[in-house]
Amino acid sequence: MASSRPVRSKKSQAAGSALETFANPHPGRDYTVRMRCPEFTCLCPKTGQPDFATIHIDFVPDRLCVELKSLKLYLWSFRDQGAFHEAVTGSILDDLVGAMAPRFLRVTAEFLVRGGIYTSVVAEHRMPGWTPAAPVLLP
Amino acid sequence: MASSRPVRSKKSQAAGSALETFANPHPGRDYTVRMRCPEFTCLCPKTGQPDFATIHIDFVPDRLCVELKSLKLYLWSFRDQGAFHEAVTGSILDDLVGAMAPRFLRVTAEFLVRGGIYTSVVAEHRMPGWTPAAPVLLP
Amino acid sequence: MASSRPVRSKKSQAAGSALETFANPHPGRDYTVRMRCPEFTCLCPKTGQPDFATIHIDFVPDRLCVELKSLKLYLWSFRDQGAFHEAVTGSILDDLVGAMAPRFLRVTAEFLVRGGIYTSVVAEHRMPGWTPAAPVLLP
Amino acid sequence: MASSRPVRSKKSQAAGSALETFANPHPGRDYTVRMRCPEFTCLCPKTGQPDFATIHIDFVPDRLCVELKSLKLYLWSFRDQGAFHEAVTGSILDDLVGAMAPRFLRVTAEFLVRGGIYTSVVAEHRMPGWTPAAPVLLP
Amino acid sequence: MASSRPVRSKKSQAAGSALETFANPHPGRDYTVRMRCPEFTCLCPKTGQPDFATIHIDFVPDRLCVELKSLKLYLWSFRDQGAFHEAVTGSILDDLVGAMAPRFLRVTAEFLVRGGIYTSVVAEHRMPGWTPAAPVLLP
Amino acid sequence: MASSRPVRSKKSQAAGSALETFANPHPGRDYTVRMRCPEFTCLCPKTGQPDFATIHIDFVPDRLCVELKSLKLYLWSFRDQGAFHEAVTGSILDDLVGAMAPRFLRVTAEFLVRGGIYTSVVAEHRMPGWTPAAPVLLP
Amino acid sequence: MASSRPVRSKKSQAAGSALETFANPHPGRDYTVRMRCPEFTCLCPKTGQPDFATIHIDFVPDRLCVELKSLKLYLWSFRDQGAFHEAVTGSILDDLVGAMAPRFLRVTAEFLVRGGIYTSVVAEHRMPGWTPAAPVLLP
Amino acid sequence: MASSRPVRSKKSQAAGSALETFANPHPGRDYTVRMRCPEFTCLCPKTGQPDFATIHIDFVPDRLCVELKSLKLYLWSFRDQGAFHEAVTGSILDDLVGAMAPRFLRVTAEFLVRGGIYTSVVAEHRMPGWTPAAPVLLP
Amino acid sequence: MASSRPVRSKKSQAAGSALETFANPHPGRDYTVRMRCPEFTCLCPKTGQPDFATIHIDFVPDRLCVELKSLKLYLWSFRDQGAFHEAVTGSILDDLVGAMAPRFLRVTAEFLVRGGIYTSVVAEHRMPGWTPAAPVLLP
Amino acid sequence: MASSRPVRSKKSQAAGSALETFANPHPGRDYTVRMRCPEFTCLCPKTGQPDFATIHIDFVPDRLCVELKSLKLYLWSFRDQGAFHEAVTGSILDDLVGAMAPRFLRVTAEFLVRGGIYTSVVAEHRMPGWTPAAPVLLP
């Protein structure tokens, strides 16, 4: 069921890890997929020291869903890359949008403490013309 | 009080577990029923390995409510079925909507970790023409 | 300060436990009263087995408030009654509305697990013509 | 920096504890002050038995802020007073509004359990003509 | 990548700790950066006694982001300064806005208990003309 | 596999709920069975008011184990009985020892708050001549 | 069932609140009663300011158990008394031992923060000649 | 490094899942390996209904360690087997001891609620002649 | 009640903060006092950067108890001192032992994270010839 | 104060990261140092996939303490090494013992889930002839 559209981001091309996709089994409705990966590590581009983060990915698929194993390998491909907090979050967003072209996608990167300060970064993509259904807030 | 409308989904027909319903005792008002089942298991269609999830079902009944014991048996019927995360969530949604024809229904499937990544999927049904009351947000 | 309007619901009449009220000491403003009772038990009407729940009652009083001790006795009156989840929640709502005629009232019944499934039910009453103040969401 | 406007509520006059204020150091912008006092006790007016509560005070100051030590003394002044749940919450609201004339103020009183039931009461004041800024909900 | 705009607040000039910035790597989109520093201490201006707080900084960068190490040093510069709760929160807001000129910035200061009362203060800045995107509330 | 030794305690004889047992499948070794029942209710013998508790049962079986469904019915049989905290704990201990004759058994009853005070009672039985193996405390 | 031995401590004599007891229903075995009262308040003997604590009482009764309602009234009798942390804990221990003459009794007083420091005090009584059974540490 | 001693338990022989082992890399010292598997399911032998448990395995290896993937497959082999709580715990203990011949091994099975009662079972094996080092309890 | 023995440690002499004591009100029995101070800060002697810790002090007093306010001032006296983790813990132990000459005293210092590593240090003093009572481990 | 005994383990020699030490500032007494590092990653020697763990190190120093920064670098040196769970724990133990020659040292490695199973490993070293003081268990 994997699609023929392996998307290889600029960064991950070096590391050889492309995001693979498969056809959304329910394209007729908007629905949410949430993923949480507590095993993300990259390197600080200034000091070369390791950084650790938990990556959250929330999305509304359009025609494609990301394949879980390729996502795992994609996230591993940052292990030896220097990446600033704000930049790495934006890169993951760009690569996932490039691979899936989703209706909506949000990346949240929660980094472990550095210098006594905990940082997280949140970035979103919205497909032009798409609007979410009005949320139903049940009591 | 069980209704005469046992709804047997395509998948559950094989397993012999139909969702039974009973008449909504308060059809005159919108109200919310929330159910949480931490005992859901199915099989990965690719590898045959077991997957485990907690299933949440939140709904506003119309003329029918789902009978609790038949729901339990219905969820058990996935035990030996291969089912992708996104697809199984959609199937449960479709079957419950087929059985109850509710004003609103949301299925949330929270899967245990696979490959270091935690995934959950959320899908909703809204009866055409139904809108929720404006929520009262008390201080 | 107890009002002269003891309201005796159909069900609680048998058990002899009427909801008593007292005059709202601040009728000039909308405000919220929240009550939580973790000591509710009734019987399953199908099997006769005991069910246990926590009952939440949130309301905006109009001219009357419910008296705490009579509420406790009222909730005890379900101890020997058969009561389905959806029906008991609606009955408590009806009885409290009958006793207090509040501007707003919400009943949430969180039941302990049965058949591996946790169920809760939420029902609301709004006085015709009443609208809540726009909520102030402070940062 | 304490203002010359000590406000002595009717109740607290007996106990000799006036709420003191000081000039808001940032009157040019709306901002939120939140206070939480887990050390509140008063007496049940019916039985004379002690009640215990946590008091939350959330406000947007206008020209005045409440001085912390006088607030502590003010809350202590309820120690020997009989006070119903709904009434004491309203009194604290009235006294703080009288002392500070804030743009917005909310009092939440969370009482410890009585008769197996946990009660809390929430009351708000809004300065006429003041509206909160539209909240910024960051992802 | 550090910008040429070191901003030295009035207060921090004494302490010699300027906030440094670097160019926002994704200026084309609104995104959120959240920082939490549990290691903040200053002195009570009235009694000279130490106060302790956790500082939260949430912002949407425009052309500049704050450099993490300079932020740490900036927050340390309050260690020997007298600072009222409401005033210190406003000062941190002003200094960060002066350094970054962000689209949006919120400072939350959660102080440890004094006199049995826990206090926190929240203040916000919004760039004139900027409005946040309508939030996407996924189910 | 149920044993032929249904043990009917004095109290439970009235309620018709005997504890049933089955043969210990591993009588050759000491091992621990722990059970927790959060759905226990009885009546205060002084006031007739309902009490609620969580019952914990920890035991080392000898030749018999208690059958789960009969235990549930046995605990339900206290629903309409007056029972002091200290006495009900001792009765449950006596009845379980009478039914199972275990090597060791401990009953812990954690009652919900009464008069602002939370009470629990713990009682144990040890078979004469039995001593537990020295515990292995792994690092 | 209340014993004829109301014990009136020196301190509680002034306040008129004697500890009452009843006959231990299971004097033939050692067992544990644990009580927790989160509603204790007294006054600082130096400053007159209120202190708040949670009192834990754990005991092995001998011939007598403390009656719950009299214990509540006894703890209330400290409301207007000045009492140092170390001294009040010892007084409660002495009074309970005087009333019950238990085999073992432990009082733990957990006070709320003062001056940024949380204090608790633990004191024990052991009946001469009594030794606890060797504890059974189940795996 | 996998040993040549695949041990196939009686039960798992049917399911074709043998426990594999590898040589203990540090046989010269006693040390602890702890494993927790929250994904265990079997069937109730009486009713055929699914049971769910978390299995804990704590051991001190001797010459062999259990291989992680074979352990996972071994635990899956219970999926379609009827197994009483006490019996399944003992079987897992026996099979792991048969495969590893460890110095010490403890199996803890925590089952999800049935009939309102939570059950867990703990069983241990000790190699004859082995005694654990006296535990070092650091302050 | 403050003793005439203000003990001024070598370090705190510079800062002018002596530990004061008062007579133990219950010298006839061993009992435990536990204190927790989450507001400790000192400086790293290598880098001059602030460190933050929570200090726990557990002791069995002999003839003297430490006075709470002087303890607070004593802990503040480290604010401007350089102090290694292991050394500062030992110094606090030495100073408290010098001031109180307790039967037993334990200092636990839990430091906030540095370099991604959380450190705590625990040191104890025992009066020669003193042994603790055998602990009573109630079930 | 760093000692002249940089100890370079076999493994870390390749990576160039030696453990440095400094003189124990309180060699005259046994005391405990606890360290927790949630930022450990290595590679699975079988699959090359990254593993993540939290490393705990608890020790009683003798003449030397480990220097914090060198420890951080030492733990980073595993980032590109293949290391089985049981083996890596033993290696860290051996290297720390080689560097510090402590009276006691315990390494606990808590790995993130693999194949649905959470594993941790605990190993200890005791200096020959050293025995810990009898622990003081305060009530």
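Just so it is clear, A, B, C, D, E, F, G, H, I and J label the chains in written order, and each chain counts residues from 1 on its own.
As a convention for this text, a residue touches a chain if its C-beta (ideal position, glycine included) is under 8 Å from a C-beta of that chain, and two chains touch if they have at least 3 such contacts.
Given the structure is predicted, the values throughout are model-derived calculations rather than measurements.
Listed here as common contacts of chain G and chain H: F, I, J. Residue numbering at the chain B/chain C interface overlaps only partly, since under half of the positions present are found in both copies.
Relative to chain E, the chain whose mean Cα position lies farthest away is F. Copies chain B and chain D of the same sequence differ in orientation by 145 degrees, per CA superposition (steps of 5).
Sharing over half of its contact pairs with H-J by residue number, the repeated interface among G-H, B-C or A-C is B-C. If you average the CA atoms of chain D and of chain G, the two centres end up 34 Å from each other.
Chain centres here are Cα means. That of chain F falls 45 Å from that of chain J.
Separating the centre of chain C from that of chain J, both taken as means of CA atoms, is a distance of 57 Å. Touching of two or more other chains is recorded for residues 31-32, 38-39, 52, 106, 112, 116, 122, 124, 136, 138-139 of chain D. The touch graph of the protein chains shown belongs to none of the named shapes. Contacts between chains, counted with the stated touch criterion, involve the pairs A-B, A-C, A-D, A-E, A-I, A-J, B-C, B-D, B-E, B-H, B-J, C-D, C-E, C-F, C-H, D-E, D-F, D-G, E-G, E-I, F-G, F-H, F-I, F-J, G-H, G-I, G-J, H-I, H-J, I-J.
Note for the complex: chain H touches chain G at residues 106, 108, 122, 124. Within the complex, the chain F residues that touch chain D are 52, 112-113, 116. If you check the complex, the residues on chain A that touch chain E are 31-32, 58, 60, 84-87, 89-90, 104, 106, 114-124, 126, 132, 135-136.
For chain J in complex with chain G, the residues that touch the partner chain are 138-139. The touching residues of chain C, when paired with chain D in their complex, are 24-26, 29, 31-39, 61, 65, 68-69, 71-72, 133, 136-139.
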